[in-house]
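Below you'll find the structures, each written out as structure tokens.
Look for subunit A in each of the two complexes below; its partner is subunit B in the first and subunit C in the second.
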Partner chain A sequence: MLYFAGIDIGSLCTKSLILNEDDAIIGTSIKRSGAAYRGAGEDALNAALKDANLKSEDLNYIISTGYGRSRIPIADEQITEITCHARGSSFIFPEARAVIDIGGQDSKVIEINSKGRVLKFVMNDKCAAGTGRFLEVMAGSLDIDLEQMSELAKQSKKEVQISSMCTVFAESEVISLFAGGTEKAEIASGIYRAIARRVTGLASHIVSGKKVTMTGGVAKSKGMVWALSKKLKTELLVADDPQIIGALGAALIAKTKFNNL
Partner chain B sequence: MKQRALNQCMKVSGDPYGYLKEWKGNNNKKIISCFAMNIPEEIIHAAGLLPVIAWRSNESVSIGHSHVASFNCGLTRSFIDDVLKEKLNFLDGVVINRMCLQAQGIPFILEQNTKWANIIYMSLPALYGSDCIRDFFKSELDRLIIAMEKCSGNKITTGKIVNSIEIYNHNRKLLSDIYEIRRKNIGIISAREMLSIVHSSMIMPKEENNKLLLEVIEELNLKVAEGNHKSGIPVVIYGSLCQTPHPELLDLIENTGMVVVDDDIFIGSRYFVNSLDISDDPIESMANRYLSHIPPCPTKGDYKSNWSTYISDIMNKNKAKAVITLMIRYCPPHMCAYPDDQINFEKKGIPEIMLEVEHEIISLEQVRTRLQSFVETIGGI
Partner chain C sequence: MSEYKLNRLETTKLIGNIVDKHWASLRHAKENGEKVAWCSGPVFAFPYAMDMKCHFMAGYSAYAGGRGAAQQLLEIAEEDGELIDACSYHKLHMGMAAAMRKNIPVRKDVILPLPDLLISGRLCPEMSHYAEGLYRKMGVRVTGVDVPPPHQKSEIKYFEKYVERQIRESLIPALEEVCGKPFNYDRLTEILIVLKETAMLRNECWEYLKLKPSPWTLWDYGVSIAPVFYLMGSPEAVPYYKKLKAELADRAAKKIAALEPEKSRVYWDGWLPWAFLGKFSRIMCKLGMVPLVGRYPWEFFPHPETIDTEGDPVASFVKQVYSNGGQAKDNMPSLNLPVIQNWVEDYKIDGLIMFSSKSCRMWNLGHNDFIAAIERQNGIPGVVIEGDMVDTRMNSFAQIETRLEALAEMIEARKE
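What follows is the complex of A and B.
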């Protein structure tokens, strides 16, 4: 049996996935990236190998992706996360023609063809506004965790506006709403809607009229998926574990590369 | 490999202040800064003055913030910041073309914050067409002639202007020869090096620069013989009006699998692409150059020519596979022109990516991801 690995060293989390030659996912892992990308990549790979009951010698080809992609000496090659999210998404949802990846630090919107190849992409790489990091800071200022925030948002009865999309200003806006007596649930839903507005601005010209999948850790947040679907006026396709899609794409590309050697 | 001349270009481009201060000390001549595109430098040269093109320094803007809004382009912010930090005291004046809203504000800030006796504000027409526009352009040149005569104490004769045009034309010819060498020998010179070559011409006296460029050509010809040049997907870069792009950005383009084969940026081919006719009426020659539609310029209300068509012609000439738009952050003329160009590239099936050029150092890792993805897209991964 041949085995292929993808390692996605994101700015916040490192994901690894092992694929066998029959395209079955046999091991995965997700860890925090921390400051040392190299260590995080190796840790995540070892954890995925353990999950798959394999040793590193069993691997036939490894592709690294994500921000730390060039810091992984064990990888045979590095490919950007844009290409990897495209490929991984198309594998899970062949009908998808657009991908919205919201990770810890930035958001990307990718147009893909039926083979999962990238046709076009846009990236919000200017600041952490509207990304996972932003959600974490907001949850922190409400003193709840991300899961609770998703649950709370559903109970919101009123729409409050969070106008600032700068992490720093939005945090003080949230604190003053809170101090003014606004319910946590309303604030939580306001935060999701604010991010959805921002992502829609980036995404609308690419996603319009297409089947769209959402990937990245933020797609785990039901509140976010709900707010974004509503704003884009389309049902979003979300994989069982959307955070692992980049690593899946990397492993799929590893297989193609190996077969072309 | 011998590259004394190329190193000298890099040195001048890397420290224009140092070079010009030393030059002034040795030559005791006045230096006039040109802000930025399309200033008829030959007239300043004919007066026996040294025209230099204004540049963006490598320093973050600090005191400049209190005079120029942060949504101005990097060149205007950095130029004013340098003025206020007294880094430009060696200049004797400035000629500013009223080419965009941001440049328009500069003369007033300078009047209040410098002791320069010569702040010449030119209104070069942003329209083409009728005779009255040509007449207006020429009357602006007459005004510049009078101002430069006053500044230098020298009479500017027709003969002197023709002589200056010849020297400038020679410089344009040498620069385009260097571009031709790159076209025939892709990868022989990096985009960073090419930038510094053109930049050196914008700073040094043309007579000295001409000698230096001849030496650069000799060095490149030797290198051609040595072979072994960088390869990659051939791309054309365009945009970057007035302002120097970060050399690191150019390196990144060439380190992610692409190689720049030609350009249409100001500190690039836009500076030298048109020579002037040598005639008894040099002012008419200057009008012809200024009022020519090449290269298309978004600071001129040019509805006839199409920038993206001009770029795709450059691509065809170089067999380039993709185009990279360098957009100066907060440059209204380019920002207004870009959406149409982008649509046109897409219609023609030309892969295009836009990179914003900021003054303060940008986060290069994210740009690297975008560029690498772009290459993967073109390469069909």
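What follows is the complex of A and C.
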């Protein structure tokens, strides 16, 4: 049996996935990236190998992706997360023609064809608004975790606006609202809608009329998926674990590359 | 180790000394009893004709950026009250003015002398504020030449008259008053004669960019712009381009590519990232990606064959800015998109890079629209990358690298 690995080293989390030659996912792992990408990549790969009951020498080809992709000497090749998310998304949802990937430090909207090839993409600018980091900071300012924030947002009865596009200023806005007596639930809902507005501005010309899948760690947040679906007026396709789609795409590309050797 | 090999041109290694000499002559002008002008926009030929030493706003910014001296000046400007996201070219000059006023030591090779005249050639609204800001800091005389962008061909003749009249009735009298002598029309003609010869040689060099693989790149041309612009009329201009043309002809004959192997050919829109050309070059080399053509670097006298060196030099100069120049090409809705689409064919372009400057909105409007329109007609992908011409803080190279790599992957996927 042949085995292929994808390692996706993101700014917040490192994900690894092992695929066999029949395209079955046989091992996965998600670790915090921390400051040492190389160590995080190796840790994540070892954990995925353990999950798959394999050793590193069993692997036939490894592709690394994500912002730390060039830090993994064990990888045979590096591919951007844009191409990897496209490929992984198409594998899970063949009908998808657009991908919204909200990761730790950026958000991307990718138009794909039926083979999972990238036709075009747009990314947010060098600003944390509309990213996983933004959500983490906002949850921190409400003194809750991301899961609690998602649950709270559902209970919101009123719409409050978080208007700043800057994470630091948005945090001050949240603190002011909180100090002014606004309920946490309303603020949580306002935070999701703020990100949804930002991502919609980036996404609408690409996703219009298409089946859209959402990937990346932020897609685990039900509150975010709800707010974005509402704003885009479309149901988003979300995989069981949207955070590993980049690593899945990398492993699928690893298989193709190996077969073309 | 990269699988690609960059073959640097010998000729472009000469440009550093040529531009250093220009800026040194400006620094020492006052000691030599010469008059000095600072100028934005394309009208520095007029102070040159009066034997003034003249600075050019974007050229100086590129020079300071290329020498790694921009950041200090930007920070001095901010300490003096400028906003972080104001035009970095404007701010760089405000930093220089503040350094002069407050005696803040800055690198000797980028010091500018206090001008006798500020010429505000207004290509964008920010340039009038630039002159106004400098006037407040330095208190020297300011004269403006408004160079509005045309939107249709029928407007061009009015705009030409408008600009010509400002030059004759405002700029030339100001120069005569500052210099205490009549305007030297013959010298302006001489400058145009040299410019014509230089730019015609440059156009022959442009033809080599159409070869596949190309013997030189847009970056090579970028560092060679000064002789066809702010070094116009200088004795080094024609020899530089003659040497460059000969080197390119030699490379073409021997089939030597600028980058070996040349994997993809790209169009570059917007300002050149002067302070980061080396960084961009390294990233793009690693991807086998060669930049070849762009709207901004093609602004500088693209039709020199039409320069009239027999008639009125003022009218001839203005015609080069409008009828035969970049102003119309870059700004007319009916022209700019077809120009890029034709370039995509002529230069065999595989992908588009739209450089969106964080501090200059003039060059980054409609980038995604352009990509979509060109993709529809020419079937090639494009990306927008964000950064700045000279401000380090506005460039995130991890983001830039990812976008450029993704462009390379898209180009590759379309070829399969």
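What we mean here is this: the second predicted complex is superposed on the first by the 260 of 261 C-alpha atoms of A that agree within 3 Å, B and C clash if a C-alpha of one lies under 4 Å from a C-alpha of the other, contacts with A are read in each partner's own complex, and residues count from 1 in each chain.
As a working rule, contacts are C-beta pairs under 8 Å (C-beta built on N, C-alpha and C of every residue); 3 or more make two chains touch, one makes a residue touch a chain.
Here the structure is a predicted model, which is why all the values come from computation and not from measurement.
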item	value
Fit-or-clash call for subunit B and subunit C when the two complexes are aligned on subunit A	clash
Partner chain(s) touched by A:Val118 [first = subunit B, second = subunit C, both, neither]	both
Which of subunit B and subunit C A:His205 touches, first, second, both or neither	second
Partner chain in contact with A:Phe134 - subunit B first, subunit C second, else both or neither	neither
Contacts of A:Phe93 with subunit B and subunit C, given as first, second, both or neither	neither
Contacts of A:Tyr37 with subunit B and subunit C, given as first, second, both or neither	neither
Set intersection of subunit A contacts, subunit C complex versus subunit B complex	67, 79-83, 106, 117-121, 123, 125
Subunit C to subunit A touching residues, read off their complex	368, 371-372, 375, 381-384, 386, 394, 396, 398-399, 402-403, 405-406, 409-410, 413
Subunit A residues within the subunit C interface of the complex	67, 79-83, 106, 117-123, 125-126, 205
Subunit B residues within the subunit A interface of the complex	363, 365-367, 369-370, 372-373, 376-377, 380-381
Interfacial residue positions of subunit A with respect to subunit B in the complex	67, 79-83, 106, 117-121, 123, 125, 253
